[in-house]
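A, B, C, D, E, F, G and H label the chains in the order they appear, each numbered from 1.
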Amino acid sequence: MSEKKKTTMEILREKVEELLRTDRLPHVWCPGCGIGIVLNAFLRAFIRAKMDPNKLVVVSGIGCTGRTAGYVNVDSFHTTHGRAIPFATGIKFARPELNVVVFSGDGDLFAIGGNHFINAARRNHDILVIAVNNFTYGMTGGQHGPTTPTGAYTTTTPYGNPDRPFNIPHLAISLGVPYVARWTTYHLMQLQNSIYTALHRKGFRVIEIISQCPTVYGRRNEMKNPLDMMEYFRKFSIRKDDATAEEMELTYNGKIVVGVFRDVQGIPTYEERYEELLRRAQK
Amino acid sequence: MSEKKKTTMEILREKVEELLRTDRLPHVWCPGCGIGIVLNAFLRAFIRAKMDPNKLVVVSGIGCTGRTAGYVNVDSFHTTHGRAIPFATGIKFARPELNVVVFSGDGDLFAIGGNHFINAARRNHDILVIAVNNFTYGMTGGQHGPTTPTGAYTTTTPYGNPDRPFNIPHLAISLGVPYVARWTTYHLMQLQNSIYTALHRKGFRVIEIISQCPTVYGRRNEMKNPLDMMEYFRKFSIRKDDATAEEMELTYNGKIVVGVFRDVQGIPTYEERYEELLRRAQK
Amino acid sequence: MRIEIKFGGLGGQGIITAGYITAKAAAIYDGKESTFTQDYSAEARGGASTSEVVISDEKINYPQVINADYLVLMSQSAYRDYLYKLKKGGILLIDEDLVKPDERVKDYKVYKIPATRFAEEIGNPIVANIVMLGFFTAITGVVSKDAMWKAIEERIPKRFLEMNEKAFIKGYEYGEKIKGK
Amino acid sequence: MRIEIKFGGLGGQGIITAGYITAKAAAIYDGKESTFTQDYSAEARGGASTSEVVISDEKINYPQVINADYLVLMSQSAYRDYLYKLKKGGILLIDEDLVKPDERVKDYKVYKIPATRFAEEIGNPIVANIVMLGFFTAITGVVSKDAMWKAIEERIPKRFLEMNEKAFIKGYEYGEKIKGK
Amino acid sequence: MKKLAENKPPPKKRGTVKIIEERCKGCWYCISYCPTKVLVVSPKLNEKGYHPPELKEDPPNKVCIACHLCELFCPDFALIVEEIK
Amino acid sequence: MKKLAENKPPPKKRGTVKIIEERCKGCWYCISYCPTKVLVVSPKLNEKGYHPPELKEDPPNKVCIACHLCELFCPDFALIVEEIK
Amino acid sequence: MKPGYYFWSGDIAVAEGAIFAGCRFYAGYPITPSSEIAERMALRLPQVGGKFIEMEDEIGSIAAIIGASWAGEKAMTATSGPGISLMNENIGLAVMTEVPIVVVNAMRGAPSTGLPTLVSQGDFMQARWGSHGSYEIISYYPDSVQETFDLMLDAFNSAERYRVPVMFLLDAMLAHMYEKIYVPPEDSVERVERKRPTKPPGEQLIYEADEDLIPPMPRIGDGYKIHASGLTHNEKGYPELTPQAQERLVRRLNEKIRKHQEKIWKVEEYRTEDADVIVVAMGSNARAVRTAVDAARNEGIKAGLLRPITIWPFPYKYIEKYSVDYIVAEINYGQIYHVVREYADNKVELLPKMGGELHTPQEILHALRRYKK
Amino acid sequence: MKPGYYFWSGDIAVAEGAIFAGCRFYAGYPITPSSEIAERMALRLPQVGGKFIEMEDEIGSIAAIIGASWAGEKAMTATSGPGISLMNENIGLAVMTEVPIVVVNAMRGAPSTGLPTLVSQGDFMQARWGSHGSYEIISYYPDSVQETFDLMLDAFNSAERYRVPVMFLLDAMLAHMYEKIYVPPEDSVERVERKRPTKPPGEQLIYEADEDLIPPMPRIGDGYKIHASGLTHNEKGYPELTPQAQERLVRRLNEKIRKHQEKIWKVEEYRTEDADVIVVAMGSNARAVRTAVDAARNEGIKAGLLRPITIWPFPYKYIEKYSVDYIVAEINYGQIYHVVREYADNKVELLPKMGGELHTPQEILHALRRYKK
């Protein structure tokens, strides 16, 4: 069998292995945690895109998702909580030829990191943001966060969550983000394809992935084991690329509208606008 | 003349004086600075609303606009840069019967304070936000900020601003803010009426006021004196309550769409939802 | 007298709960002093799990296990990692299906129980830790049977109490039996 | 020799610029040492404005005015606030239309010029500070005429140079005239 | 300006303006936006060096009509409009 | 399940699955979402105490069809699907 | 909580101690090893009519409790080192505007993200110097779950009495460790409430200090027309940006704590009377020292333990009191060590640990053995 | 900048000094009195092909420069006390991941918003202890515009050489004060570049330190597959959450600075050789002291000035060197005073100012007169 020509999928799988710091596996994530699925999809999309891994930089904040940076076998940074985006901004702005990806969690990106998210989106830095939304702060034991649905039970909402969550795609669109999509971890191929597309786009690109945290979220919200959450995603997701802002809203154990909500090209990135400025300054 | 019955406008003027810390006048603002005009409008709206000044709390951050808290003769707090909203949140959440108003500048609210803005808006705290947008950081001498139009000249954009500014009303709407309006300092009565209306609404209410900073912004951007900026507002503003997100965008010395962009009622405030939670917890 | 107990196993086996219950039983229901500490490390999620209990009649100073008097193990990796913590002559309690001791055990008194198997028989492997607590109570007498049960009762949701009671008794009786030998 | 100069007036009168130009003239074009400091306080915006210059042949230590040798004033409030800073026998330069000295001036040598009026005659009250600098140069000789003019030239946008030159010369000549008296 | 005013009938409402000169910073919004143009730049300088406005009426038409606009425009709370009719 | 599979013609593509057992955490996504249901829970426990899957084929129909779904679902990079036909 | 015995972790004791002390407002952002404080508060505050809110970050959290304190509540937040590093600016605001708040720092391995679940004592100096400027705050640090509960009352009492932020230190060991604890009856303790203005609105200058250097604190909504600013201000609370106003204000802010420091100081002296060598240790790290001191005494070494419970203002007079050699055992690379060196007149030795584990009794004993005569 | 004489403020000198030192990346958020640094950088960096960005806040700013430094640039930010208070967490990240950056703090009246435009020296201790945990950074503080320019080169050189954040202190006086300054020819100075890996990718452990305790630093994009984490990590850069790894890492991070401290120390000793009393003063505040020392000498008082230019690691051996009384004149309520007390063996007196103005020569002289024999 060793002489047989390898299929695309086999080669993909091999390259996935190369892009992992396998000396660190098994990883820290819990049984059935969706983050690994997202990482898998990301690596495959990246491999398919045939981009140079030496130019890929993965920047994470702190959190379970934030541990991603520690498993990708490329230049990778596990920064401080909430600061992945400005850290990545520094890298990208200093060296625009690098391919900069921020891979982090909902709390990291939208709680403590919210300000950097909106301002980087506004400036349209050429950065791809993989936002793993598991409705909670997994790393610290399952408190509620800015994406926890109203009514959900977490360690800090024993009486049900009184907060209203962010509508991430709507927020991103209001900031002029050129590429906005949402998937769940059940959408293996759509997610992969979406990342693949996004890798080829320019500007601030945001992909929200609804992911399961069975350990600290699922078990408090009627989804005791990993499969329950996956089944929830399978049954309650609806693809709708032209969804309205209201449709994009997420409710407690309610339906999940997924799709590519925005994909426009030609908006100049911050880095492009700065190139121009440099030309002006130097003449 | 002293016996004559005072007209409404005269009484209003008298009460304005009572609501000012007149021992601190003249204030620090520059000749023609728009902040005073906004404060004037705010005080008049508040007086017309016949609300209890002892229950009014004005919270400001740091900046020229942030100095407002120092001139209103009610409980008033000049906090740290960017933190007016969470400071106000603490007050409001602790004592929901208080009438809490955040009065601050664009930098304070959307640069360093951006995270608090989006998260408080998301939670729908019952707070009125008066956001004075003068396109710059007035207090620190006119650097560019998150609302500076692309192309504008400031002390930190000597080659023209490469940044893309926020579309504040659109951002607020994407966060589910129930009352969103924009005016300029030229819209004396509309602004006053809008504040009056907002004072009677519940939830997170955002009024953006485009204001002149002749000293450090205007003079670098072809508007040398106060009147030039006021004239810009007069000539370039268009009222359009049903403006689209694109129309709300502001460009360098371009047109300014003003109006009440959102006014919906009945969305429960954070404080209301918490009242309910308290009932559940205590039974 | 300061008594040190260390529990070891895998995430999901209730190693933390076992330690907590033991310590609380001693402190609240036996009226002694105790400290309970656990390994919180993030890496432990789904991996190794361990907890420590110190019991004394007096105020406890150093709160962690230095030289365990008792070591309760429910996985092979725990055996590998923690055996050294048991003082010479100390008592080792193991789930006999999950831990295969090597020659080093000759320095210790070893008591074996198929705790997980018993638990499965009772209906759910999840109560293996409670079987073990019953066994521990019987073998060591460090905590009174009453106190231990009260601490379990207080910790476990009502609807699972019956199963846990069975588990506890099963372990306890098995311990009584073994001890005689 | 350490020479201390203080400028005072209102925002918009170019008090800061005057200080800056003087200090730079001394340092760069006369080859001396100098420090230039100003009052940056936010409250000063549109209110009182003041700047300080210290000039010396040696390295300057303390950079602020302790006992001014020269005090240049362009508003009544500056007179009120800063007169005490002038050392006994020091030289006071004032815009005679804007500053009305009281009996305290007897302790000082006073030189008056209608700087703002001259500036208006030249075409813009904004160059009153430059008139004053010409006057200062002539009266005090602390900075050479050449150096002062170079520093002005360097600071002022080209299109305003002509007006400023007129202002400078006007002040200088008026100073030469007055000085004689 | 003057011409125009003279052709109109005298206004019904009349007012006068109290100017708190030490608060004024000379932005002249009041002057610019007064509909009857009865506010003009005063030659006086206040303590801070600004020229406040002053009321220069030319009855019967060029008078203050107590519209309060100057009061609303003034960023410095320097004006008080009193109605006299 | 078995019935259904037997009625179908044998699949064109065939595969086999390499299981890196020490990486597996027993979430059983692979088992649940395998279209031909050829993955089952292994009685073995790995070092971390989890039951990995094992491949249990029942040819000609209940075989691995190298669809790679398990590989994509596995959050732990514990599966390698090799195509054998 | 009903009076009686409980089996609680340090984190739970913080939360229950706070509620017992009268705290009714909590704003926070989770972080290991303090998250369980928030979780307990989320459960318990609503039961007693209090308010719990999870903010978007630590900066928002501290801003919110400062606001709530002005609104009249006893308010607190809890975090760990990284969170304190972010809160520093607003700790300065609370100092400058004299707002009673309690900030809990459950210290974990540092710098940076460090060792999130493991013990450290790396934040002593930060507690004192973390914000810009010269200021004094009060800081306590207990060594057991019981003391944690008890000391929370002191923390709130001091915050209220001196109108100052209190930094309550804990460590990952204590935060997560369970011990038996006794909750006394509700009315068996003294709860301090901040001094209220005695003059009516209009007559009361907002920042007019009494002889104790502490100004009474009006509550929002009571008509006092409070103005508070982080700028240098005068007695009216108005910004006054002069060196003179700064001198008056900042000196008072520091002196109001120094003046009362002897009342604030809590120190445990264990077998120090006749000691030749005294170990200075704090928090959970002091527990092993007690054992080691006993063991050393058994070996004829005259050892003692000095345990500052009040870390700041540092109870330096206790150091000055003894003319002995000191060993400072702390889980950092030398912090209180420097402070002890400043006040000691004999040798001071540092027994550092970078973090992750307590000193063991053996390690301390080993160091003490050099004092065997 | 062409070599020659210029008339610059301290802020301009910072910016020009940075560019001269090779800085090509600036991210910042304006704050008085440091804003002019940003403004100058905004103007000048694009001219030399560098990057200037105004971030949304100070936290974003420091995060961005850490990223840019990994990307290979010499990077800096500038702020004032309130900004430093916010940057503290990420200063810890730079320490822990060993990233060369320069952070300028133009000190202003504090605490809190304080006196934005006026001088203070309230942030000495914060520079050293502001972030959680035990760490060492390097801190410089010049006393003139010329020294500001010159010292920026040292700042970048030390940051690069030791892979450590350098906190460059300035004060509101120096920031805004103009003086003549000489810019030397481009090639007349030595610019240190960070040590690069000598081994090829794959063979180089990312955090394997050389004998000087400093690991070579790979650049993003060069194939080294860097992993850096603020967690306690091993030589591969991988998180290793054990006390042992912590001990190794944190000890090295501290020791790599201590080991080289004598090379890092810069101190001005003015008429100290035969002094009976030495004034310790720093930054712009030291200038008056020089005048006062001369005046005192004229009166027969043997006074001297010791001016630490390197504030951290504190050049304590210079204090130990003299067996004299010290007077510490600082614009705060006692910070370096405590450090001097720790190392001095005679009397140490504090001459504090709360902020807003420099000590005058008269004030210093007055204090020195007590030493008239």
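Note that in this section a contact is a pair of C-beta atoms (placed from the backbone, for glycine too) under 8 Å apart; a residue touches a chain by one contact, two chains touch by 3 or more.
What you see is a predicted model, and the numbers here were worked out from it, not measured in a lab.
Shared contact partners of chain E and chain H are B, D.
Per-pair tallies of C-beta contacts place G-H first. Chain D and chain E have Cα centroids lying 37 Å from one another.
Rounded to whole angstrom, the centroid-to-centroid distance between chain C and chain E, based on C-alpha atoms, equals 89 Å. The centroid of the Cα atoms in chain B and the matching centroid in chain E are 28 Å apart. Chain centres here are Cα averages; for chain A and chain D they lie 62 Å apart.
Residue numbers of chain B whose C-beta contacts span two or more other chains: 29-31, 62, 78, 80, 82, 111-112, 114-115, 119, 139, 146, 159, 163, 274, 277, 280-281.
Across the assembly, chain E contributes residues 25, 48, 50 that each touch 2 or more other chains. For chain G, the set of residues that touch two or more other chains comprises 32, 46, 56-57, 59, 82, 89, 92-93, 112-113, 116-118, 229-231, 241.
Contact residues on chain B toward chain A in their complex (touch as defined above): 111-115, 118-119, 122-124, 146, 150, 159-160, 162-167, 170-171, 173-176, 245, 270, 273-274, 276-277, 280-281.
For chain E in complex with chain B, the touching residues are 22-29, 32, 48, 50, 66, 68-69, 71-77, 80-84. Of all residues in chain H, those touching chain G in their complex are 59, 80-82, 84-86, 88-89, 92-93, 95-97, 107, 109-118, 120, 122-123, 125-126, 128-135, 229-232, 241-244, 246-247, 249-251, 253-254, 332-335, 338-339, 341-342, 352-357. Interface residues of chain A facing chain F in the complex, by the touch rule stated above, are 1, 7, 9-10, 13, 16-17, 20, 22, 25-27, 29-37, 40-41, 44, 188-189, 192, 226-227, 230. Those residues of chain B that touch chain G in the complex are listed here as 21, 24, 54-55, 57, 59, 62, 69-70, 73-80, 82-83, 85-91, 93-95, 97-98, 115-116, 119, 274, 277-278, 280-282.
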